[in-house]
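Heads up, there are several structures right after this.
Here subunit A shows up in two complexes: once beside subunit B, once beside subunit C.
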Partner chain A sequence: MKMTQSSIARRALTAAVATAALASATTAQAAENGKFRVGIVTFLSGAAAGPFGVPSAHAAETVIDALNKGQLPAPYNTKGINGMEIEAVIIDENGGATKQVEEFRNLVERQKVDAVIGYISSGDCLAISPVAEELKIPTIMYDCGTSRLFVENKAPKYVFRTGLDAVVDNVGAARYLADTRPKMASFAGIQQNYAWGQDSWVDFVEAMKHVKPTAKVAAEQFPKIFQGQYGAEISALSVAKPDVIHSSFWGGDMEALVLQGGARGLYDGKTLVLTCGETGIERYKGQAPNGTVIGGRGPFGAFAPKNALSDWLRTAYRAKWSDEPIYPSFKMAQAILALKTAVEKAAPAGKQPSSDQIVAAMTGITFESPSGTVKMARASGHQAMQGIAYGEYHYESGRAVLKNVKSYADTCVTPPDGTNGQEWIKAGMPGAKCD
Partner chain B sequence: MRLDRTELWLLASGVVLALGVFVLPNWLTFLLTIAFAKGLVVQGVVVQMRAGLVSFGQGLYYCIGGYTVGMGGQWLGVHDAFVLLALSMVAAAVVAMVLGLLLTRYREIFFAMLTLAFSMILYGVLAKSQSLGSTDGFNVHGITALGWTPGSSGKMFVYVLTCGIAAVAAVFLHRLSKSSVGYVCEAIRENEVRVEYLGASPRWTLYSTYVLAAAVSALGGGLTGMATGHVDPEMAYWTTSGEFVFIALLGGIGHVAAPFVAASLFSTVRTYAIQFVPHSWQMILGFVLLGIIIFLPKGLWSLFKRTRKAEARV
Partner chain C sequence: MTTLLAILVDGSIYASWLFLVAAGLTVIYGVMRILNMAHGSFYAIGAYSAASLVGWWFTGVGGNPYVSYLLLVGAALVSGLVVGLVVEFALLRRMYGKDEILMVIITYALLLILEDAVKLVWGVDPYFTYQPYSLMGRSTFGGLTFAIYDLGLVGVSLAIGISLWLILNKTHKGKLLRAVIHDREVAVAMGVNVKAMFAVTFAVGATLGALAGALTAPAISVSPGIGVEVIVLAFAVVVVGGMGSIGGAAAGAVLVGLTRAMAVHLAPELELFVIYSVMSLVLAVRPQGLFGRTLVRKI
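And now, the complex of A and B:
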């Protein structure tokens, strides 16, 4: 009896191992239908969907459709990715990091995508990064700004970021103010009380210490995220009488602050600086005071240079969605084009390269994008390096226009490779080369 | 220790599910790991529900469990899964011993709101601590087990561990529900005054239940942290706690296995809703859950009971 039992057990174990081997054989990375599958993860619901997620998803659809038809201008006038049709699997980023890790695994292991592009939330980026390395899947973070991404992932192989580090936003903003507001004596900040707002304020204050040491912090306010009503904070800022008010607010909170502060005359004689202000450019309709300094987290959206690709993106996006593409749309397009360039560099036309070939090709790559030429020149070739632009919003005869736009070169606002962004700013931004 | 039929079933299911690691695709084992870990937190909610208390702040202990595992690795240099889980149970129990003194004086909505308040306090504190990554949280890595480093099979190890812990916890909680304390809990739910007249102390029964629920929930949090490799303050946010209450209602309090079944169903429905209707998955999830609540008011487990009664009648 004992003998038979143990033999049954052994047989069961063998069967189990055989099935496991079979299962792992079938889960090998491959788009079985000859298409190149890309997972697209962005906010389709929740507060970040309106300003960021949906414009990104729309851009992804526009670019991927056009790529499949071969309608993009050169150098992207070949069909699909490396001759393969692109199939997008779109997933909602809403719901927190635990759920995103689960859904990332589902994308890779159940839906068998060949690459993933996504993530707006910094928390999601930090949680996904080790999982992408574990599952060995090329993953492009297209928007999240946390400086910790490549501090925690010291030797990235499969994780890339085609968007810029948030450090760039605030160094750029500080330089712009120092150049355009030389008489500024004090500044104040109002930030959402979570990682993004806290980091933005630290970066900005430290950068100001070096580019404009005479300017003092007049007040700082940290209302909670999605608070919506800023009466008390607006009073506190009015009393402090700063020359400049800096805010990293985004989406609905940002628009609420613009409206409520405007109604109470907060911006009279003061300059409002919105580092994410570009997403609202078509929505303020003159409610943001003329002269508000806005940024687009890099040379994106309204700040994108005029070239064949940006012209194409604007025309195609407008035709499809009857709306202007904003900075998240440009960032999404940029990530897709980075992937196309890398895959086509990795294997001869019509062939599907392996994950390892794709990431090897993408490391340190230089590619064309609607925002200009992008170099993956930081975090050992895994982080894009670009300049940033800021400008003043003006509403004239029913149209939003940008004035006094100033661009700062990538070397002027980006920390050198291997340095932590915040420490670099604290040390006085050594090695920054500005023209 | 003699095991009754239910307990044998629970342990056998645990073993079968754990062996599934060889057969099931990785995404499914990961989904089940998270579902069972959440199921453990839901057990904490259900234990209190049996005594008539609804905790809207069980995320507090889920978060404490997760952060203990994360911080133990990051700052104390402890990477052993068993030590970390033990630590998270201790941490949760200590906090529960203090909070329990206050909370067990309240019932019904007052208890629910106070538990919610405490979990939101933890959320607020964590969101303000920049050294802990604020709302972005931080990564958990390098988990070992009794000197063995699972390496690339780390997630498989966490799955097997979760199955084992869930099965043992289920057996323990089943015993508890059949013990005198378990029955006193039900009696408290029905009529607390009468329990006092019988000479039992509702307050101390509820206190010990509260502390026990906290420890079980912390296990769930710790396992989730190990599985996802990341913890963030969202774990203590009220919507997370709400999800636990929801899963508890979904499963019902009829059987100790119900929370695990409900959590697995919840995760499965959600992931397929996200896949097939990415733009309105919440609606699909909502309709499914609404349907279950309308047609199975006593939770999923009533399905099993109903068929058993029908069989008995025949």
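And now, the complex of A and C:
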């Protein structure tokens, strides 16, 4: 199994390098060769490649290949984008924000892409956003969760985000715990010591103050990102004896925490909550205790509703990569389908719309995705609004299964348009509608 | 009381891991005066070799689970020796006598090359080979539960530290090595085969790095970049203890390990700060490190 996964990763890298080389050799403007050229930016190397980047790149390849052949279910059963073949230029997101700004300029000015889909790192999203506005190129942020994206870009025109704000993750987690663990008296947190971990913890603690005011913070730990060894942190959490342990860890750090904590009995009699836990669902192999609460940063991956598009994505992805698509794969597919919908709305079939026509069509659009119906209903029609689901991981008869899944509506977990997410939580989440 | 016990045990476990990582680095510097940035890559190669071999053993062969411990060590020995000897023979042998700073740049270049080589061979997916870690079970004392594998690492570290000390101080080859450490030119004049000494030392140092990676692999998710993360910590430990000193590396590891454990339990927000504040304090008082010798420059 492992060798298969590594060979898949190697194939993805080779494909990416080959695609990039091919695209750089043909710098003709997309409109000239009759193709619609899309820059895809995601991690192909570094620690985020395995859990997020490669599954996203795999999904991009799967969806774009199938779109070009007209193999997707309705309403995407027409070939390419508006009749034009889609040509992908895949770029590695590794290397930091400064490098990504250069790569973005290269994509627009030299590769002449018609649109860009990408960015897992919040730092990269924040750095790219003003450049996308300056270069006037439709840019879809498919994964990064920073609440600052549309706080800093107050009047977005070319920047969109089809993934959800990270505030949703922790409000959803707090609501799930309040609903399913009513006797919980205390909780602790272990987060990576950078913006993602710190913001996640603040969001979660503040949300808990409102949904479960009797529960107290027992301990909080902020180890360095990629530390890998959590012996002392696990002891400190054990000594604190919380009922719930919340973590926004991702990738290798998350798997190491699950393993080391499990081996030391940290989770005995406690509930472990992993807001990014869905990415490891096929990898824990029973190392995560039964009852671990996991999330997929929205209705993605294992939490995606059953519909024709999610069935198709699972089947096609499995057939192509011998693996299950996880939440980053679903988010990438969602961004590509948003772009197809917008372009086809912007111009008659076979015609290449301008950037301004594409962004005008995408603003406030509603489209179908493997995660259900998506409304671009926040940030003046530039930010997707969807609910979130959490559930319990169980490992039974050699298979991972989700139990006690609860979904929360978009209006229950999303701050109102124009408000700062953290301030909204601190104010007691006014206006939230949870049925 | 529970917190004090936790600090002592956690600190010892972390110190033993730090010593495992730093031992190879300090051995190479002590004998060869090479600040080997590529040590992190040897750690990563050891971890990946062990993870893929043990993963194959459990999923491909389904053999006796206890054999996996032998495979961990075997993977480290083979990968460390092979990579160490190849690097020494193909690259470093041509660079001996060059300035120490230049050697840092050369080994940094090697680190980058090996990082990419690791990605080419093993891909970017994390390797999760947990079986040897879980297999040993857990032990509870003083109200705290510890993984027996982690406690075992303390024993392994002690054994490696004592073995290195015995080899250096009680064997003929060790005396030859110490002669090279003290004065390379005089050692050559006395007929010591310094080239062979260097090759063996580098291979041993690389193998120690690979062994640290292999023994850590079952407790973590082996993913790209682990070597780079480790090298910074290893440098901190070696600098605190005194570059090139085995005793110094042990003292540095214990000091950093216990201070960090104390911070995690008593003031978690200072965890990152304390490791490097210990390093800064030691360097301010003893620039050559706790066990380092002040070198006399030859003119």
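To be clear about the criterion, the second predicted complex is superposed on the first by the 405 of 435 C-alpha atoms of A that agree within 3 Å, B and C clash if a C-alpha of one lies under 4 Å from a C-alpha of the other, contacts with A are read in each partner's own complex, and residues count from 1 in each chain.
Note that a contact is a pair of C-beta atoms (placed from the backbone, for glycine too) under 8 Å apart; a residue touches a chain by one contact, two chains touch by 3 or more.
Just so it is clear, the structure is predicted and the values come from calculations on it, not from any experiment.
Please tell me, clash or fit, for subunit B and subunit C sharing subunit A in the overlay.
On the superposed model, which is not a single observed complex, subunit B and subunit C fit side by side.
With both structures placed on chain A, which of the two partners, subunit B or subunit C, ends up touching more residues of subunit A?
C
Contacts for A:77 in the overlay, against subunit B (first) and subunit C (second): which applies, first, second, both or neither?
A:77 contacts neither subunit B nor subunit C.
In the overlay, answer first, second, both or neither for which of subunit B and subunit C A:404 touches.
After superposing on A, A:404 lies clear of both subunit B and subunit C.
Could you say whether A:193 touches subunit B, subunit C, both of them, or neither, answering first, second, both or neither?
The answer is both, since A:193 touches subunit B and subunit C.
Which of the two partners, first being subunit B and second being subunit C, lies in contact with A:220: first, second, both, or neither?
A:220 contacts subunit C only, not subunit B.
Pick one for A:45: touches subunit B only (first), subunit C only (second), both, or neither.
Both partners.
Considering only touches as defined above, state whether A:33 meets subunit B (first), subunit C (second), both or neither.
In the superposed model, A:33 contacts neither subunit B nor subunit C.
Enter the shortest inter-chain Cα distance between subunit B and subunit C once the structures share a common frame, rounded to whole Å.
6
Both subunit B and subunit C touch subunit A; at which residues?
44-45, 193.
Under the touch definition given earlier, write down the residues of subunit A that touch subunit C in their complex.
1-3, 5-10, 13, 44-47, 49-51, 53-54, 193, 219-224, 226-229, 231-233, 235-236, 238-239, 251-256, 259-260, 262-266, 283, 285, 287
Going by the contact rule set out above, which residues of subunit B touch subunit A in the complex?
Subunit B reaches subunit A through residues 19, 22-27, 30-31, 34, 127-128, 130, 133-139, 141, 152, 155, 224, 228-230, 232, 234-235, 240, 267, 270-271, 274-275, 278-279, 281-282.
Can you list the subunit A residues touching subunit B in their complex?
16-17, 19-20, 23, 27, 44-45, 89-92, 96-99, 101-103, 105-106, 108-111, 122-123, 126-127, 129-131, 134, 146, 148, 152, 193-196, 198-199
Considering the complex alone, what residue numbers of subunit C touch subunit A?
Contact set of subunit C toward subunit A: 2-3, 6-7, 9-11, 13-14, 17, 51-52, 55-56, 59, 119-120, 122-128, 130, 133-134, 138, 140, 144-147, 149-150, 216, 219-226, 229, 260-261, 264-265, 268-269, 271-272.
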